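Please see the structure below; I have some questions.
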Amino acid sequence: MMDRSLVFAAILFGLLLLMPFLLPLFGSEYLIGLIIKAMLLAIAAISLDLLIGHGGMVSLGHAAFVGVGAYATAIGLENGIENILLLLVITLAVTGFVALVTGSLALRTSGVYFLMITLAFGQMTYFTLTSLAAYGGDDGLTLWSLATLFGSDIVQSGSGLYFLVLGTLFATWWGVFQISRSRFGRVLRAARDNPERAEVMGYAVTRYRLIAYLIAAMIAGVSGLLLVQHAEFVSPALATWQRSGDLIVVVVLGGLGSRNGAILGAFFIVIIEEVLGSFVHEWRLIYGPVLVLMVLFAKGGIADLFVSKDAKGRAA
Amino acid sequence: MSTTLFLILCLNGLQYGMLLFLIAAGLTLVFGVMGFINLAHGVQYMVGAYLVYAYVQLTGSFIVAVFLSLGTALIFGLLLEFFVFRHLYTRSHLDQVLATFGIIIFLNELAKVVFGPATLSVAPPEFLAGSIQLTETLRYPVYRFATIIAGLAVAAVLYFTISYTRIGMLIRAGATSAEMVSALGVNIQRLFMIVFGVGAMLAGFAGVIAAPIFAIEPGMGDNILIVTFVVIIIGGIGSIGGAFIAALLVGLIDTLGRSFATEILSTLFSPSFANQIGPALASMLIYILMAAILVFRPKGLLPAKGVA
Amino acid sequence: MSSLEIRNLNKSFGALTVSRDISISIGTGQCHALIGPNGAGKTTLIHQISGGLRSDSGNILMDGQEISHMSVSRRVQAGLGRTFQITTVLPSFTALENTAIAAQAKSGSSLRFFRNAARETALNEFALATLQRVGLEHRANIPAMDLSHGELRLLELAIALAGKPKFLLLDEPMAGLGRAEGVALVALLASLRGSLPMLMVEHDMDAIFQLADTVSVLVDGSIVAQGTPDEVRADPVARAAYLGEAGK
């Protein structure tokens, strides 16, 4: 059933590609902004799904890498680095380094311990960001200059930024798709199903998990970079554990191992937040119980509607 | 740093540690015995604080409010267990995370709607209001002393219950192997319910005694939940003794670190550098401790196997 | 040179000694059986050899190479294959995928992120051939969770073989097999024996007398008798310690 999910992805990306041409007919910059927001969420969620869905590593601190990426970019911008490619390199290096340190420690454990440790490291990152007094501390930092592509401001707003984010989303989708089918992805799934067995097949499980953790962190970091470009603002709130929780919600709503699901989940969350939030100020009073009920009664959530073969954990 | 200041900070650390222990005790047992990851445990702490605030408004008496709050926290915990958590014990950790995350979102928002987003406070009861002279230069609030004593008392009762009673024996056995306990013909469902209810009540109690010291606000349980996770990782999941030691360790290190990190750093580096790095380092200390423990003892200081 | 040489292996947990000065030497093309009552330390010894448990002292040499300081996965890379007492395969993978992923560990890097591993013909053909060796090729595309117990035991063996081992550790390969399945497995192991030296822990005496060139009797962490099956059968110490008990 691989084909069906590819067709579905083609439709999804086709629609996203058309949006900037369709939406101005309804005269809405606001909607474009919402779609960018959802796509950024989807990028981070797909990267988290590589960990949870394929690797079986439930991280509750993934938003920290979005925060680290955003701050790496913001600090670069504040210090006069405006070339987006250079900022990308910086972001990848910084998130990669943070992931290497925290991952090597966190991956000494697994299961519940891993979950709690990633949560703790995420919180540690959050506190570190709040202590960056020179870059806004608790309040965050508004950025007066944004990244440029070879001196051009095309990637700063409007359709330039939209297509940059869409392109990144596609690259993430495609990259994780490739990884999931690759030799590496297969080892990762074997380690998820039975780490001892994978070890006895000759695989140093922790090493493979660490590499997956690095990749996921770096992708999340890139979404942070783009987030800065879109919001023109960074704050430690990006790295709170509630944001990590939101990412898990997106991944689970979309279905484990399903990249299309992660995109739908991201749009679902953003729409809920905006639409529900515009009608009822206290929308969380509804959202919270909906999550509980979803787990209790509709296991699989909206994912059930779009389950693809590899979403069930089968080898792709 | 003066000796007096140091002593006061130690007492504050001790008192913070006691709070952490009260929350960690329930969390570590629920984990150990049921393998259930309850993110909503921190919310019980917030519930306790709001309950005592509401009951003080109603009755005017702090003591009456404390008992009413404990009862309500227990009932609230049991209801949550009955309606939600009971159905999640056999589910994956991911489902448990998701459902308890939903409960946090709901209760935090509910607190905001009912009590407003502003911080609230409760005055300590009259007879615990003053402070006592410890040494010539050192006075310490009676109420804070009382919380330390209350924490120690709860720890002692828990230790006795777990070490010497039948239910304690079952809890210890359950932390090692739940199947074995149910094979013994014990009503495991009821055991879970009791553990859960007591855990919720203890977290509520922590919220109650914290109410006169810290600000009562929506979301107040979230940050302390994460520190509690650090405590039970350091102590070893399922271990009450480990939770006790780790809670005190974390309480002391965090409190002392926040006061002295900058000072200690400035003896080594330039003052401006110390001022910048000090606060960040202080808030990271307990996580660094946790990382260090993980490197040397991945299962925590006192793993639950055998010893409770 | 011996294919697997265990020298003076010791292991204790506190006051409990689980391996006491164990030495076993297995020549090329030989099958060595390890027998002993329950709790004698057989599975512990298997763990020590495969690397899940570090020994307190002693050496393990495979083809003359010291392996006792290697991790589990390094030992497998070095050529140590292993099957488990309780079947552990990857339940959501098919029989072919289980075998292919084991083969993958020994053919090129697994740090490849961009090619569809399921379409690697060389890997799949080798995996299918390996399944053929154990007689499971007709079940190649069945998820492991849907295989019968006997088929899982065979898959377990295929996974070990797919890693191109130089030496095979078998932990109770006959466990839970029906009579006909057992006969087939003994025949299969007998056909492998010449090219692949092995150490097996087993309770099934018939299988041992058919397969083993040499036997060690392990009691309370020590080897009390060692020799050919006939020698061990005649050994009074071994009879008292184990064979007599087993005959009860």
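To keep things simple, chains are lettered A, B and C as they appear, and every chain counts its residues starting from 1.
Keep in mind that, in the parts below, contacts are C-beta pairs under 8 Å (C-beta built on N, C-alpha and C of every residue); 3 or more make two chains touch, one makes a residue touch a chain.
As the structure is a prediction and not an experimental result, all values here were calculated from the model.
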Arrangement of touching chains [line / ring / star / complete / other]: line
Chain occupying the middle, per Cα centroid: A
Subunit A-subunit B separation of Cα centroids, rounded to whole Å: 31
Centre-of-Cα separation between subunit C and subunit A, whole angstrom: 43
Centroid spacing, where centroids are CA-atom means, of subunit B and subunit C in whole angstrom: 49
Residues of subunit C defined as touching subunit A within the complex: 50, 52, 71-74, 76-77, 82, 84, 88-94, 97, 101-102, 104-106, 109-118, 120, 143, 159, 163
Footprint of subunit A on subunit B - complex, ascending: 31, 35, 37, 39, 84, 87-88, 91, 93-95, 97-99, 101-110, 112-113, 222-223, 226, 229-230, 232-233, 237, 276, 279-280, 283-284, 287, 290-291, 294-295, 298
Partner subunit B, residues of subunit A touching it in the complex: 52, 58, 60, 105, 108-109, 111-113, 115-117, 119-121, 123-124, 127-128, 131-134, 241-242, 245, 248-249, 252, 256, 282, 284-285, 287-292, 294-296, 299
Subunit A residues within the subunit C interface of the complex: 178-179, 181-187, 189-190, 193-194, 196-205, 208, 211, 312-316
